[in-house]
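Let me give you the structure first, and then I'll get to my questions.
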Amino acid sequence: MFEAALALQALINGASVALVYILVALGLTLIFSIMGIINFAHGEFYMLGGFSAYYLAQVAGLNYVTMLAATLLAVCAFGFCLERLLFEPLRAQPLSGFIASLGLLLVLQAGASILFGVTDKRVNSPFPGVLHGYGLVISRERLFVMIASAVLIGLLYSFLRWSKQGLALRAAAQESEAAALLGINVSRVSGLAFGMGCALAAAAGALLAPVFYVTPTMGGQPLVKAFIIVIIGGMGSLPGAVAGGALLGLLESIGPMFFSAATVDFLGFGAIVVLLLVRPTGLVKS
Amino acid sequence: MHVLMLTAALLCATTWPAAAANETLKIGVIGPMSGPAAQWGVEIARGAEMRAEEINAAGGLKIGNTTYDLRVIPYDHKANAAEATTVVNRLVFQDRASYIVGNSIGATTTAAQTITEPNKVVFLFVSWGKQSLGPQYPYSFRETFSDVEVVEPFYRWLKEQKKINTVALLDVNDQSGRTTGASMVEAAKALELKILADEYFDRALTDFYPLLNRVLAMKPDYIDLGSVPPGTAGLLLKQLHEMGYRGTKGWVSGAILEGAIKIAGPEASDGLLAPWSANLEGKNTPPAVKQIVSKYQKTYGEPAGNYVVDNYVALDIVTQAMKAAGTTDTQKVVGQMAGKKFDSAWGPIVVGGKGTYGVDHQFLRPITITQYKDGQMVDVGSAIPRDLMGK
Amino acid sequence: MTWAGQVRSITGFLLLASGASLIPVVTDDFYKIDVATTILQDLILAMSLRVVMNLGLLNLAHVSLMGIGAYVSAALAMRLGLSFWLTLPIAAGTAAFMALALGMLTLRLHGPYFFLLTFAVMSMVQLFFHSYLEDIFGGATGLIGVPRPNPIGFGGFTLPLVSKVSLYYLILVFWILAAAVLIRLEYSRLGLQCAAIKQSEAVARAVGIHTIRCKLLVLTLSGFLAGIAGVFFAHSRGVINSSDFGIDPMLKLLVYVVVGGVSNIWGPVVGTIGFSIASEFLRSFHFLETLLYGAVLIAVMRLFPEGIAGALQRIFATARPSPVPSHAAAGT
């Protein structure tokens, strides 16, 4: 069943969700590049973003963009504190840091289940309705999500490229000792990096909340996808995350046209295994 | 003098026969109370608790010469078969419960039965699958419709009333989904409906665009959401609507319709047919059911789904059978359940199903087909399960 | 790594084994026996995971090795009617072989890449048993009705293995054998080589230790033991499903080992028994149990990353009077 229109629709479908997963992956890889830690709790910040959207936008009626900004700031601060208290002391032993992030995952997920309840919650989209054109269809909320994600990615890029803090971050990522010698407060930079990484995941969650629904276990899938993207693109590589996300989005939309869902997943993991064996640094040269 | 009075008072207090304390009858409940299907488990547990509280408030359950206070013990098996064996072990051997009223998710029912049957524990569940009932499971009962009772009459109704010729069947790739899918396929084939798609997907999937893209290209007359949980159903409805599907859609096992409708929104849910789920607030709804629903809303602050009523009724029927048997001995109680007719909040219920399962352990009553139309649930038809015809 | 250490280990092990063998004598509460059975089974898994993690290998596919043991044995018993005593070595051997294959493919990878790869492998194995070869492995439904182990018979005397108590003693025997092997390993030449690798892989290699081969051997052994645990799991429960071998049980094992302590052979014992018992008390509290697990993980990592057993070892080591003048011992 391969027609051009079908394929094009598939691509549009893929793009809308892929961009959000890129946001999550960027957060994950940013954290890894600065701190060398794999944050297993990353998906839970996505979930927190979703609940933030629910409580601030749906329940309290806050304007959607205001809610996004508030979420970014709040989660960034939260992540900063977590890094200072929990991860910074464990820098020397990455395995311990990883396990601590596992503990954080359990605490956040269980905490959310207790505080917010397990019932799936709906968040109204600020942009309801569907757009049609050339036999293709896209919901306005997905279009908004695409645009907002692209904007956030652009903001991240400009921050890293041109701002003073961004430069400090990049220096610390490349060579933390040298950076420290140059007077960069490496520990504060780490906190900022972690905070930003978590904030990106939370933004993704807040953006996708109206598209799907909000529930304490919603962080599991995005985490796996983020890992896959980061492995494809290369751990610590930001352009790699973008490329990896695009590739994953493509495969996920085209794949089901030919294979059953189980086979798509199976091949996906198989590709990861092959990639890790052959080129662990990822497909994108950094 | 005061000392004497005090001592006398104390003596009286300790030797005076305490208000006759009722014995405790433990009723276990298991289900998925966390994760994607959590709503099912939570509703099942609450349904039993509501009925138990009512009985206790009225003085307890009088069976023969003993009066019992019912104590409901719920455990979360997290939709996991191994966890299910653990919690059932706990219920049977530590809590010493002889009755388990309520479970959902087929794989966990099967796992639980490996313990309940050898230990003669009466086990009622809502999960689907023909393999869960039979002569090899003398203590197991299904308390509500399963695929067998619902799919065939519903599809017959669809073909006649909605003029359906082609169908696309969707479901979750797990035991429940697979058995439901098999029933849907069987019923469709028997009615000579053309099956354009028969798709299974991972329980955790949320983005159905790729899948639906392929399914919609085949232009089916009817799409069935099978036995997916409410959140998933909501997403499917929403995404179907976004992709432009305006054809007939049904959700054979639709158990918590409000949950799905809330996620999908009223526009996307409009037209949804639900043969399994009875309308809990319609003009044909029995008053007893309406009472249960409003009490649930008051107590828990959420709208009740069918599972609440189903498990409430299940516990009610079990206690009726205990009274008829004059004992809580499970073997005798089972004898007072199989093949018998009961009055319940739903109306008359027959425990039958011998034609399909070889034993009369399936709760049967007429099916009402409801449809979500213009923001409301309306009754649009009814059907009789095969095993109930002529009873 | 001293004689004293070995004697202590063996003594502790003998004490534990004798205590465990008395449990069905002391109680006839079937539920408690059930919990004890699960603990012993988890001990085999946790202790075999520990030796691998002690070498710096975070093998998230450990639970898949258990699953392979379970599925292979169950399928052979149900589809071909083979006896448990035949399917046990075949299935455990398959798991060991898979572990070896995994090791040979991946041991060139370092740090995060190894664990990511084992995560992908675990997902693939789970997907495989869930969706493919349904006629053999049961697909989404899994396998129902896995037979109990065949009775042991010798010289006209047969011992059936159906009751809870008999199954308890079976897993106890398995655990005793597994623990004996692991203790022996700890103090053997291979064990010493592993300790050297743990201290510094570069130095170990320089001294002539074949690091890859050590890791492969340990990984294969851990696979064999995990396979045995899996076989017991399948035949004692009678029902297996691909969801029994996914990320949730794997994380549970990880918590047991890490909190108990990776460097100490008794670490996983402390972790498994501690958490299993705590879990029984917390069972009615659903999410509070998970919350506690997470909080304990964080606390342990922050306060004593070497785990409870490791911390205890450290405390007792500093408390004991040292034969060497204190300023020299302070350096360790």
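Order of writing sets the labels: A, B and C. Residues in every chain begin at 1.
Note that a residue touches a chain if its C-beta (ideal position, glycine included) is under 8 Å from a C-beta of that chain, and two chains touch if they have at least 3 such contacts.
All of these numbers come straight from a predicted model, not from anything done at the bench.
S.K.: Pick out whichever of the two, A-B or B-C, is joined by more C-beta pairs in contact.
M.R.: The greater number of contacts lies at A-B.
S.K.: Please identify which chain has its centre, taken as the mean of its CA atoms, farthest from the centre of subunit A.
M.R.: Centre of mass proxy via C-alpha means gives B as farthest from subunit A.
S.K.: Can you compute the centre-to-centre distance for subunit A and subunit C, using the mean CA position of each chain? Integer Å is fine.
M.R.: Their C-alpha centroids are separated by 34 Å.
S.K.: Determine the centre-to-centre distance between subunit B and subunit C, using the mean Cα coordinates as centres, and give it in whole Å.
M.R.: About 39 Å, centre to centre.
S.K.: Counting only Cα atoms for the centres, state how far subunit A is from subunit B in Å.
M.R.: Those two chain centres are 38 Å apart.
S.K.: For subunit A, which residues are shared contacts with two or more other chains?
M.R.: If we look for residues of subunit A contacting two or more partner chains, we find 113, 260, 262, 265.
S.K.: Among the residues of subunit C, which ones contact at least 2 other chains?
M.R.: Subunit C, residues with two or more chain partners: 130-131, 286-287.
S.K.: Subunit B: which residues touch two or more other chains?
M.R.: Touching at least two other chains: 33-34, 173, 200.
S.K.: Can you check the complex and tell me which residues of subunit B touch subunit C?
M.R.: Spelled out, the residues of subunit B in touch with subunit C are 33-34, 75-76, 78-82, 85-87, 89-90, 92-94, 106-107, 110-111, 114, 173-175, 177-178, 200.
S.K.: Applying the document's contact rule, which stretches of subunit B touch subunit A when the two form their complex?
M.R.: By the definition above, subunit B touches subunit A via 33-36, 38-39, 42, 173, 199-202, 204-207, 209-211, 213-214, 217-218, 230-231, 234-235, 241-244, 259, 262-263, 265, 302.
S.K.: Report the residues of subunit C in contact with subunit A in the complex, numbered from low to high.
M.R.: 56, 58, 105-106, 109, 111-113, 115-117, 119-121, 123-124, 127-128, 130-132, 251, 254-255, 258, 286-291, 293-298, 301-302, 305
S.K.: In the complex, go through subunit A and note every residue touching subunit B.
M.R.: Its residues touching subunit B are 1, 3, 6, 9-10, 13-14, 17, 113, 118-120, 122, 128, 130, 132, 137, 139, 212-213, 215, 217-218, 220-221, 252-257, 260-262, 265.
S.K.: How about subunit C: which of its residues touch subunit B in the complex?
M.R.: For subunit C paired with subunit B, touching residues are 29-32, 34, 38, 130-131, 139-142, 144, 237-241, 243-244, 248-249, 283-284, 286-287.
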